[in-house]
């Protein structure tokens, strides 16, 4: 991408914040993306193959335990994607770096797909384990609500014509939404006691899954994290290019 | 192929659905990216031509 | 207090449209903005009114002193002429709507629902609103649209009275209002494609 | 301030909208439910508190899009934003007007509709209490949704999508109060939570709404 | 004719409305029901067909007000009425566009939402069939309601009030089909009635709508 | 075919506003309507366009021959300039929007969403719509609102071309368009309070 960079530069920040400049960001992501793609594919393949082919069945759950390699990483990423959007929104509100707003926009669809995967694998898992596809368990319910927040966030981005207005409004929505998502989590907990297991990745030994399952799971989680970053970086680049196209067209129209 | 026992359906469909979703996400991302690149190049070349 | 605009640059749709604006409007003076369609008059007026932030530059003496009238009049179709005016009067802390009704010859329409007015009558009501704001700086965007010749005279008289009372006015218009006012043609200030002024799209150009 | 409240109430009364309609919608939803789920009275009694809360929520939601969109279209919001009234105050007042025209009639009429759905005896009091405590939160949250989507032509559906998840905590606690009340159980905890949510939302939301509206007016 | 259809679909796609949102609203209603009535799965299974039909109906209803009101406000309807296209045809096409953007996605997605409410096994097929047969009637009747209320500023709530009673027969037979289907009973009679209503409504309603619209344009 | 208006009486809000109108507009001729605000020009034009029935009198030669442009332009903010025009062209069975774009200098704005146009640019697009209707009688209500001087010239030229091609036009306006056209001032035809002409309120008077 050729950007007219020879113009008298307005103050350009250096250090970490310099990557908030779209050009610099694109250069950076262009360099790092191939490695990310390869790494994430490798981790995913390794983790999933390991988990699927080379782990034993659980004595209670049978072979369904293999679903954990998809379910848990996607559930983790679904939450963390929202968290990343929250941070990016805050950066946009405070420092007004466009890349940050666009990164939030780029992350949302990835987050939805992660949420969907968690929901779908959970539902499929629920059928043999609890005898039902869906139960109004707090964990599942709050995931469904998270899904709705993602949908609303994306719909708001799509609906607003002016990109900066859209960035501002979605950022406000993200902040308010986070508060309400947390509130909903507690409300849902109060409303119904659940079937779902507790956090077994936590360090307290009692509940922890056996090591045979644990290591491939870690590899899968790493794969999902890397994939997430690859996708978000790539998509942010796409958003930047779209925005630049728009800006150029607008400028040409003005003449 | 490991023996999945009576839960083969569940496990396979979970893997299938997830992988399809992931693949869709990646493909759509790449397609959108390529289109954006092409559109930008078209506009930029017009920009150069016009001065 | 004089309204002082220094080095102002305004943007719309992410691109600068006008830049390098410098002018002053002293009490008792009116400024008429001219410029072809799409040159950025509306954008400038909205910035002055504080509805959008300027890209750069300064606007002095505008704080809480501006009454703004846009292309649309903010009238409620289901309220009567008097009710509409009275509402705006009390928002701006005023009470008496009589003078406003009189200067735009609206007394006869006093009880008519605003929705049943003709285009020009609506506009007259919208302009009468300025008189109940008690604010010194009027910012008017094409105020005489749809007005007939008599109503334009009424408008000119209202502006003149306002100026005599020490107010000032900035008016964007395409037609001649018959006011003795300075004229500012915005055409020379139009931003060119090369302008870099910190507009939001600029990071991408 | 009072001028704005008075005007909004006046408009609600006059403009073929306002008071009656939220109520009528509520009525129709409660009437349609038996057509949908069938007429067995014990079933209806069981779902009555929940359905009544849902109906109230939907009635609120449906009237939200006239909260700001009309004022946006005819330019009133631009003018209000340049007026001496702080936008936060203006939006709080608009939320109040919305509650008076929509929430309040629902609270008053809910017991009547309870009869239609065979609501059990002790449920009536708790239904009214929970609605009285909860509907203000619905109006205030709704104002935020309206402020977010005001720039979008006929954003009604989008607004519902944004607002409904925000309604979840209020709905859960509100319906819980009504349900426990109808079953004769203890209601203190959910009632306190509901009150807390309403208080918090009334205190904080107007700032978020005003911020969103300012962005939209830009 | 196709130009109008194409434009309406285009607008639905672009204007932050259309396709996704009706669906999202449907989803949200189905999600909120358990919060209202409680999470017991056997209870949910019993009311599932009715609630799903109600949800679909409300989703249709909510998107109705963008059907004509937008075109009214910006003067398009005036211009369309003076164009060579007969108003009846224009309204039928608008109803079709509404169905494609709202009804059709609902039909396709309904089974998924059935899962959320523990809809019993045989119910899925009948739910889809009844929705596919019934939603076109909802769109056409809705167009009539929109035409009646188009002159009224933000007549959304009023329109709901007028339209909902007209929806009652469709809802009764539609939900009956879904309910009997879910319970494994015979469904022929209500299915025939539903089909009859839809056919009749499609044939006759556009004339009523056009008449109403002409009066409103006057 | 000449448009013939005989003894026309039009009403708004249940009361007659204009009565005893008699005029003709032959092909190739334009008629400019004048009259103070609220005199009933809009009402008359809407009646001619067939949007409301006349109280009494006859309108000959209007059936399916009129293209009407009102105060609002019927533009979709979310469609581009070209898409808006193309839609109206195909409603009226036309295909080519090129000439319409060119006569109002809209080529550069071709791909812009209509919602982002300035007031005058929107109006130009609204007027360009008349050119894709291929209808012989134009009925225009204050067409030059918001237009700058250049655009008014474009408009006058478009009308002249239309007239030369055998079309005709009826234009309500408050300003001078620079067209050689007959002028009809509607003031003498205003209905008085005593008028009884069959309006809907009359049964109660």
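Going by the order they are written in, the chains are A, B, C, D, E and F; count residues from 1 in each one.
As a convention for this text, a contact is a pair of C-beta atoms (placed from the backbone, for glycine too) under 8 Å apart; a residue touches a chain by one contact, two chains touch by 3 or more.
Computed from a predicted structure; not experimentally measured.
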Required steps from chain B to chain F (each step between touching chains, minimum)
2
Tell me the chain pair with the top count of C-beta pairs in contact.
D-E
What rotation angle takes the CA atoms of chain D onto those of chain E? Round to the nearest 5 degrees.
180
Centre to centre, by mean C-alpha position, how many angstrom separate chain C and chain D?
37
What is the distance in Å between the mean C-alpha positions of chain A and chain D?
32
Between chain A and chain F, what's the gap in Å when you average each chain's C-alpha atoms?
55
If you look at chain C, which of its residues touch at least two other chains?
13, 71, 77-78
Set of chain D residues in contact with two or more other chains
15, 73, 152-153, 155, 158, 161, 164-165, 168, 172, 218
Which residues does chain A have that touch at least 2 chains other than itself?
145, 148, 151-152, 155-156, 159-160, 191, 244, 248-249, 252, 255
Would you tell me which residues of chain A are touching chain E in their complex?
123, 132-136, 141, 144-145, 148, 151-152, 155-156, 158-160, 191-192
Residues of chain C that touch chain F when the two form their complex
13, 35-38, 42, 71, 116-121, 123-124, 142, 145-151, 174-175
Under the stated contact criterion, what part of chain A meets chain D in this complex?
145, 148-149, 151-152, 155-156, 159-160, 165, 168-169, 172-173, 175-177, 180-181, 183-184, 186-188, 190-191
Across the complex, what residues on chain E touch chain A?
15-17, 20-21, 24, 27-28, 31, 34-35, 39, 41, 44, 115-116, 118
Which residues of chain F touch chain E once you look at their complex with the stated criterion?
49-53, 64, 66-68, 70-79, 83, 86-88, 90-93, 129, 133
